[in-house]
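Each chain gets a letter, A, B, C and D, in the order it is written, and its residues are counted from 1.
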Amino acid sequence: MADSEKAILLISCIDRPGIIARVAGHLFELGCNIITSDQYTDDEDGHFFWRIYFETLKAPLSELTRDLNATLPQLMPWEKLRWHLYDAAKRDRMVIMVSRLAHCMMDLLSRHRFGELDADIVGVISNHPDLEPLARPFEVPFEVIPVQKDGKPQAEARLLERLAELRADTVVLARYMQVLSGDFLKRWQKPIVNIHHSFLPAFAGPRPYKQAHERGVKLIGATAHYVTEELDAGPIIAQATTAVTHRDTIADLARKGKDLEVIVLAKAVRAHLNKQVLTHNNRTIVFE
Amino acid sequence: MADSEKAILLISCIDRPGIIARVAGHLFELGCNIITSDQYTDDEDGHFFWRIYFETLKAPLSELTRDLNATLPQLMPWEKLRWHLYDAAKRDRMVIMVSRLAHCMMDLLSRHRFGELDADIVGVISNHPDLEPLARPFEVPFEVIPVQKDGKPQAEARLLERLAELRADTVVLARYMQVLSGDFLKRWQKPIVNIHHSFLPAFAGPRPYKQAHERGVKLIGATAHYVTEELDAGPIIAQATTAVTHRDTIADLARKGKDLEVIVLAKAVRAHLNKQVLTHNNRTIVFE
Amino acid sequence: MADSEKAILLISCIDRPGIIARVAGHLFELGCNIITSDQYTDDEDGHFFWRIYFETLKAPLSELTRDLNATLPQLMPWEKLRWHLYDAAKRDRMVIMVSRLAHCMMDLLSRHRFGELDADIVGVISNHPDLEPLARPFEVPFEVIPVQKDGKPQAEARLLERLAELRADTVVLARYMQVLSGDFLKRWQKPIVNIHHSFLPAFAGPRPYKQAHERGVKLIGATAHYVTEELDAGPIIAQATTAVTHRDTIADLARKGKDLEVIVLAKAVRAHLNKQVLTHNNRTIVFE
Amino acid sequence: MADSEKAILLISCIDRPGIIARVAGHLFELGCNIITSDQYTDDEDGHFFWRIYFETLKAPLSELTRDLNATLPQLMPWEKLRWHLYDAAKRDRMVIMVSRLAHCMMDLLSRHRFGELDADIVGVISNHPDLEPLARPFEVPFEVIPVQKDGKPQAEARLLERLAELRADTVVLARYMQVLSGDFLKRWQKPIVNIHHSFLPAFAGPRPYKQAHERGVKLIGATAHYVTEELDAGPIIAQATTAVTHRDTIADLARKGKDLEVIVLAKAVRAHLNKQVLTHNNRTIVFE
């Protein structure tokens, strides 16, 4: 018998009675033990979402995968069925993109080193060389892809090439100060997590701390979201706010906001890497 | 066929592979559709906890109850099995106990009136008559059981009698300033939710805001917990804190703390009434 | 000699060296003892703001007022000087306006009864009679001014008349579901505090919880602000947020948001009544 | 005339009328402009505390210092007068002490590098060599003073010697896992800021996350405080809490707690370095 392996099965479809009984029954027959199970039904359109974290007790995961790929459509012959089986031992290959601000990059690299992120960080890519010395002790390749004035198409072509070479699964924009074009997003297709330094949808676009100061808000926020074509409008994964006062200058907001950005981005990246995030109608379901 | 009915099934036992498959399969055979399902396994002792919220599509709930009482022990012939099936349409009978501070009572009565608490409030019992006028517009019987010096045994006997007459399921101590004796608790046996105005285990016992002020903490807290024989040491259901400064006097702490007490108690009572709270080793599992 | 009286002096002007020395020196000569003093200078335009809470030890406050009105312009012969002296013993006359949702009204009436609001609540005015029974035990006059379709000018004229008769200093919109016209605001001129059930500037306008649900935010908020002609765009006094998840329906957001609204509105009203709030460039300075 | 210099004046004494007028008047005569002023009177014992941040417009700070040292006792001939004048341009010399956990050290070194801490970090001292590689890119000397079994007196003697050689003003225990002896504290006498990973006074002493898990709390906390002879009982500077659930293992609490520790320690260290913290009766006054 194979050693126990762990896997995550994500399922979504139109909700029908018996889903849990059928799938749980089949997993049991295959010798799998469910460790955690989280489900959610969207009452508005009847869509059902399920995340199952299980261990194999009999057959190896490769065999199970073949079986489930064949069986699940028969067990759930229902509209809009989608599923994905992840080998929990296979770590995502993650690329961090930055510009000149270090805090989010430093935090992700530190968490990675201390075993808090279930991923291999295969590279840091920046449009500036400034942060290279800070990344060095973490022994992750640091690469510069400059973005010249009028040179964005060339830079994005180079970026696409490098992400492919690095076989990246997930890209994290850790205060990368460039907007990725719709053309780039159409070609890349894999998940990109961005941190925006406001409580979206308030203060989308450039200079959110300046906007927040001008409006005189009493809280500032940070939002981690998946990148979509419309700027700062993708599905939100995590948000947090912290109190500010009239005494806080724009620089104070930026300083206080850094702590929020770091925590919100780390929370979103962890959830994404653990396959706890599903998207539906430009919103996220986050199974915690 | 009967109209659809809704029910909550709580199960706990030593974790074994196949629990979910067996129970979900049996519920499906009985014509039940699982609406939400939450589970948790305590890694330290292998105890498994499960809350299933489901609707009946075929048989009436009364019939299902008989079936499950007979079948569950056979499906799960495992150590420490306990289960309980609740008819979601049957509301708890709840009694609120208060002394002279109105805020928690007012909040629970307001929430009840606005449909936020899934219970019938069958009475308010106090050791003082002061709050009667404030309870009156909510049309809930208000009753005074005074506690004389050296008269606690008599008062508790009277209280026990009244709770029995009111057929109370749940008692909420909404800033009731008397300690219930171990003898009373042994006789009563049903759940009692208390709000303590500190972040337990800090500042247990009398005058927690005075204790907090003396220690010079920068946050104050509130804790809702089940009452057990040891004072302020029962399983914690909900907690919250809020910032204070050196400028806050004991009176300020009491004023700021009121908002915390109200919110924490309401959150705990809602979770308790919805059967989202299980206890294990003097801790709670709260399925949200 | 008169008994000690307490007063609040608010001063603003373009910042110049010596302000504190001159005014504190003059108050000392007049036999006043400063209890608390808070100041702030806006670095962008050099505006200085000062709140002094003091007690009189020699002359009565009426005499002091005459003296200060004559002396302050000489002590501070500077641009944009404005000052206001408040007798701390004189309570604001406050009117609460509501529609059909009770929670904010109930909370303000409760806090008032328990001595937490330094004001006389001289009336509750609603466009609907629904909440009258809940207001009754607090012994505050409840009055209905209905707003008919196409009848807003008449309703506002009546409202203006009543506020004048009640000699209201402060109006609080405690989930009053009507927009007050620019014409009304021009005539009324005194401060109006509103609670909006979102984290402004996100989700201004109608149905903010629906907007929040559609955008899929992970926090909801509440904002208390002074009313100005532009809807939901006045100076913000207080804000707070609380976490929500994909499981929360619009109704859940409304329920969770109620607790925020109540706390944020009470905080703003307390600060306003204590003369802790100054406005400048559509922002507030809140001295806490 | 000298260039403008900035200074902080901390004053405490028994409160008497006229303090502000006298001192503000004298500073004005000396050609000083008050930038911010914060005061607090402890109502219990009548102690008055004042922090004045001012700039010199005429005389150099050295001259002012001589003047104030001579004049203040005459201006305020009152009980328990203490004052201290700090040159705002003179940065504290700070030493960070660590054991094997990197997060607090990394955070302080990062904030220092990004200009957020108004101090010179003159050394990191550890009882283990493990963290040296992570400190290296920040170009701060890293030194190991091992603590052998039964060798604490020797280690503390060596530590005392090194702190003196480094001319340290402030020591920060950034998860330094050794208790400093009363004897050491008596000799050192300068402020030591410690981060304790619980919401003190709950869970003082060793393994607070284990204690928290066993008690089943729904929030964990972190506390930054000045070190005194009694373990974890010194004046509290800053605290924060974050929500946890029954699902969180002790390892999860430790992971979630790291973010709290980092933020709370940084906040306390910033306030301490900015001379915003005064202590009184084992409590702190923190002027923000």
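What we mean here is this: a contact is a pair of C-beta atoms (placed from the backbone, for glycine too) under 8 Å apart; a residue touches a chain by one contact, two chains touch by 3 or more.
Note that the structure is a prediction, hence the values are computed from the model and not measured.
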| item | value |
| --- | --- |
| Given subunit A and subunit B, the chains that contact each of them | C, D |
| Between B-C and B-D, the pair with more C-beta contacts | B-D |
| Mean-CA-position distance for subunit C and subunit B (Å) | 38 |
| Geometric centre distance via CA averages, subunit D-subunit B, whole Å | 42 |
| Touch list for subunit B against partner subunit A, complex | 17-18, 20-22, 24-25, 27-29, 33-39, 41, 57 |
| Complex contact set, residues of subunit D against subunit B | 40, 43, 199-203, 215-219, 221, 235-241, 245-247, 249, 281-286, 288 |
| Contact set on subunit D toward subunit A in their complex | 102-103, 106, 110, 114, 116, 133-134, 136-137, 255, 259, 263, 266 |
